[in-house]
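Take a look at the following structure, please.
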Amino acid sequence: MGQAIGDVTVPDLSVDIAGIKLVNPVMTASGTFGYGEEFAPYVDLNGLGAVVVKGISLQPKPGNPTPRIVETAAGMLNSIGLQNIGVERFVEEKLPFLSGFGTRVIVNFFGDSIDEYRELAAVLDGADGISALEMNISCPNKEEGWLEFGTRPELTYRVVNEIKKRLRLPLIVKLSPNVTDITTIARAAEDGGADALSLINTLSGMAVDIETRRARLANVIGGLSGPAIKPVALKMVWQVFNAVKLPVIGIGGIMTYEDALEFMMVGASAVQVGTANFIDPEVSIKIVEGMKEYLVNKCILRIRDLVGVLESEYD
Amino acid sequence: MGQAIGDVTVPDLSVDIAGIKLVNPVMTASGTFGYGEEFAPYVDLNGLGAVVVKGISLQPKPGNPTPRIVETAAGMLNSIGLQNIGVERFVEEKLPFLSGFGTRVIVNFFGDSIDEYRELAAVLDGADGISALEMNISCPNKEEGWLEFGTRPELTYRVVNEIKKRLRLPLIVKLSPNVTDITTIARAAEDGGADALSLINTLSGMAVDIETRRARLANVIGGLSGPAIKPVALKMVWQVFNAVKLPVIGIGGIMTYEDALEFMMVGASAVQVGTANFIDPEVSIKIVEGMKEYLVNKCILRIRDLVGVLESEYD
Amino acid sequence: MVARVIYNKEVLPTYYLLGLGYGGRTAPSPGQFYMLKVNRGIDPFLRRPFGAYRVIRPDNGEDAVEILYKVVGKGTMLMSELCPGDGVDLLGPLGRGFHLHGGRGKHIMVAGGVGIVPFYILAERLICQEAGRAVLLFGGRGKEDLPGLGDFGKLGLVVKVATDNGEVGRRCLVTELLADEITGDSVVYACGPKGMLREVAGIAAEKNVPCYVSLDRVMACGVGACLGCAVRVALPPSYAEHEEGRMDVQPYKMVCRDGPVFDSREIEWDKL
Amino acid sequence: MVARVIYNKEVLPTYYLLGLGYGGRTAPSPGQFYMLKVNRGIDPFLRRPFGAYRVIRPDNGEDAVEILYKVVGKGTMLMSELCPGDGVDLLGPLGRGFHLHGGRGKHIMVAGGVGIVPFYILAERLICQEAGRAVLLFGGRGKEDLPGLGDFGKLGLVVKVATDNGEVGRRCLVTELLADEITGDSVVYACGPKGMLREVAGIAAEKNVPCYVSLDRVMACGVGACLGCAVRVALPPSYAEHEEGRMDVQPYKMVCRDGPVFDSREIEWDKL
């Protein structure tokens, strides 16, 4: 970028998250952009702040039975079941392609035990071309009666702490919204040593086919994403921003630059665009363009000056 | 009704909830249908299973500053702040009008302490023309650091138990969805003596105006309702149906008879229609008609035979 | 209650006139409005409020209730694409419109832009009731911001125009026209942007003449049920001690049911 | 990638032919599809997949890629209201279409209803490559369920029709036509409802001839990124021991990227 300081026609879109610098605050959310290559024919990956890849586990996972997706009002449910090719093939086959671009690569990962998280993080920590890790804690923990790591502060603290203390790469912890008080989880992740927080993952939901009298997803329950959940996501980002000192990445229903700026104003230092990629593969680039124009029109020099500017008092 | 047993052209829409019989399972949700009179020019109230009135408190409440509502994707946020005229005026001025119809009247009520709930329930218990009470526990409890009654099983148990043990009328407890595990709250309400459960109340959310850099609601946070939340509501109704023995009333994003039947198939014995009343005042009547047609077409004699029929196994 | 579109024409850039089959509906009184659902489906989700502009009874052809609207967002954009024959779901007429002060002095209507809407029917009534002199003060940014101006000429009332750029009428704010026009025997009726209304209310208060304003709030139900369209009202001083103790006097009124027209002295202008 | 609507006409009740400005796009190969966003806004929310029916290159006028579709729900209902000049967002051509077995024996295309779509381009290719005999077997409920039938007559291939009510062709299932038609040197291509495809796969397996089926799944991304459109594949026996230990062989393939056309022997028909 290298813009002249103070030139309002070339606003500074760069942001710092967890010690890494992004050329702009717009990333693609895990699970909605594959390993980057699927969308590469349609989007200039260099235009993105970062690509967050589909969640990776230690072993390949086949994923859930089908049907796996269903459209809902202003959103969709998915129960992909974290299908992925496993860390070994990811590092061998997918990472080299992605590293060839100027964009940051953030690897989303998950496990069903602290040991699995730890082993996986170690492999990723040793791989080239990764800028940061994003830890998905919306996963059941087989050591604790399949309670989700992200629904109990103690579990969150423990898994984050165990992983972080051995990690070279910055660690982003991705929070589940299916909790009574997300600030307690956010604080546990902060105490555990997270470098940044990203939120929200999908809301739990379901849909029924009244003709067959069956759930529309083979797995019955799935994760709700898309514009439908934006109000919930915004509220949680705002709460977490006010509860922790860590930088926050806002996710949930972002379709336009206006949506993205809403998240930044309530406290997100950066955003991730998820389901919207399915509607328009170029949406993230359009959001970056929209942000730039907004800054120029308002004579704002740096996008980071908008982070958390929400005036919380009403006249 | 009095239909001939077995006549598939006159299906039996009646349901029993908390010991009361409704002519059909469709009620209007609290806060979305005023005190009934507002919609009376547009809807035949006699066609409804029940009218659930706007939440009533012991003293009148002025409600929140404005703006109080904002449209969102497939839904809306509200922060009315439980404005109401208080129980005294409600019983004097509003109840007589409503009692004039053949429909059941269910009174939604709330307080900010157990004492207030108790005193209020006693007044309502003595009034004529009320079929059941619906207790809104998504309210902060001033005795417990403003924690919501509906977010801690202990608080839920206590408030339900205190109210129920003195009550003549059936007690429906209305659950908040903003919790990690709604089944624990549902069980607490059951243990406390609830006669039925209704769910869900609104999801917490917010929206931002990027021009003014302010929250779109004066109260910053509001409650999300409408089709956007239907998948979340369905999932919670299904979970609660599987966790308790009480009858469940399904609420959240119902716009059509298909939506209503989805709720019944996952376990709701009846439903409430909320935000949809704003889009179409006659929506509840249309839902009743749609249900009737569905039953006739499928040769199903009784709507209650559909409650909880979800086939939970996938082939 | 589905009404058929008879016509939908752009009368000025971004301003449209929508004629809906009238079909023996209740006649709207001046200042009343309808809640329109212009799209099938849920995007946008809520109905939108629009004032009744005119009811036209042509010699031949179908009676029409006219909606005069400005394209400002998603809903009005979709409205602008309606074609003759399309259906529009209509709820209303709703709310309390302008109270007519029969006979008394000078009736001054103050409109800003699309705030002109309620005044056609009001002007008709005032003229028909021979209620003193009727004057319309109409302000806009320029000549393209004065929708319906031509219609009022035909009614035979005094029309004075103010524009920001001086293209039509005086180059000033419409409130300046009011300051010149207002007399001790005036009744003021106003509809337009918040800032204008506040100013108008101030001028009327100074002269101590009655002033009625039509307010614009986001609405959900339109019938007083959701309590979403609240405005804070100034409690009359007499209430303050006596009744507030009982917490019985509601400090909010609903624009859809108690309004959209209010006595300007009732409104807490600082909280609007 | 917004394409302009050139025409959008009802060819049979509930069946429409949509011509979209072609503008030098990549030519679709037989069996490929597009993801269409037919509405602005979020209702319905996702894109919808539609096969490429034909690419027409008239002597004068604009080249068009044709989408032949049946109105079944919200999205296709909105599609049917598109007018010439409207924009439609188009992603594609996507996926892997039919593999052409050049030269070999008899090419039997089996279509059920709107499953006819991929066969126009496939038939063109087969005829142009003089790839043996080409036969189209086309089944539907009645004469109003055979969209595009007339188009195929002009291509000069053998067309046999089956209808449930006997209005056109034989009164039987299209799979019965196949049973009569199939020979040991056949290649079978099929597109239609799930039950029909399963039946076709069975008949082909019995004769031990290659069979390719085009599958229909709900899709979100269309490009292999969301992993939503998975179908369970039968792992070849050779893989079973050797590789499954590594959990490395994925039991699911993606209809949008690995398909929509699959070798029928690959599919776990019981899990479809």
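Of note:
Order as written gives the chain letters A, B, C and D; numbering starts at 1 within each chain.
Convention: a contact is a pair of C-beta atoms (placed from the backbone, for glycine too) under 8 Å apart; a residue touches a chain by one contact, two chains touch by 3 or more.
What you see is a predicted model, and the numbers here were worked out from it, not measured in a lab.
Identification of common neighbours of subunit B and subunit D yields A, C. Per-chain Cα centroids separate subunit C from subunit D by 55 Å. Spacing of subunit B relative to subunit C, judged by their CA centroids, is 36 angstrom. Centroids built from CA atoms put subunit C at 46 Å from subunit A.
Within subunit C, the positions touching two or more other chains are listed as 42-43. Under the contact definition stated at the top, the residues of subunit B that touch 2 or more other chains are 65, 72-75, 226-227. Chain contacts in this assembly form a complete graph, since each chain touches every other chain.
Considering their complex, residues 31-34, 38-39, 41-42, 54, 59-63, 65-76, 78, 80, 83, 85-86, 89, 226-227, 255, 275, 277-281 of subunit B touch subunit C. Residue ranges on subunit D touching subunit C, taken from their complex, read 41-43, 74. Residues of subunit B touching subunit D in their complex: 73-74, 315. Remark: subunit D residues 42-43, 270 touch subunit B in the complex. If you check the complex, the residues on subunit A that touch subunit B are 65, 72-75, 77, 151, 178-181, 203-208, 210, 212-215, 218, 220-222, 224, 226-232, 234-235, 238, 253, 258, 261-262, 265-266, 294, 309-312, 314.
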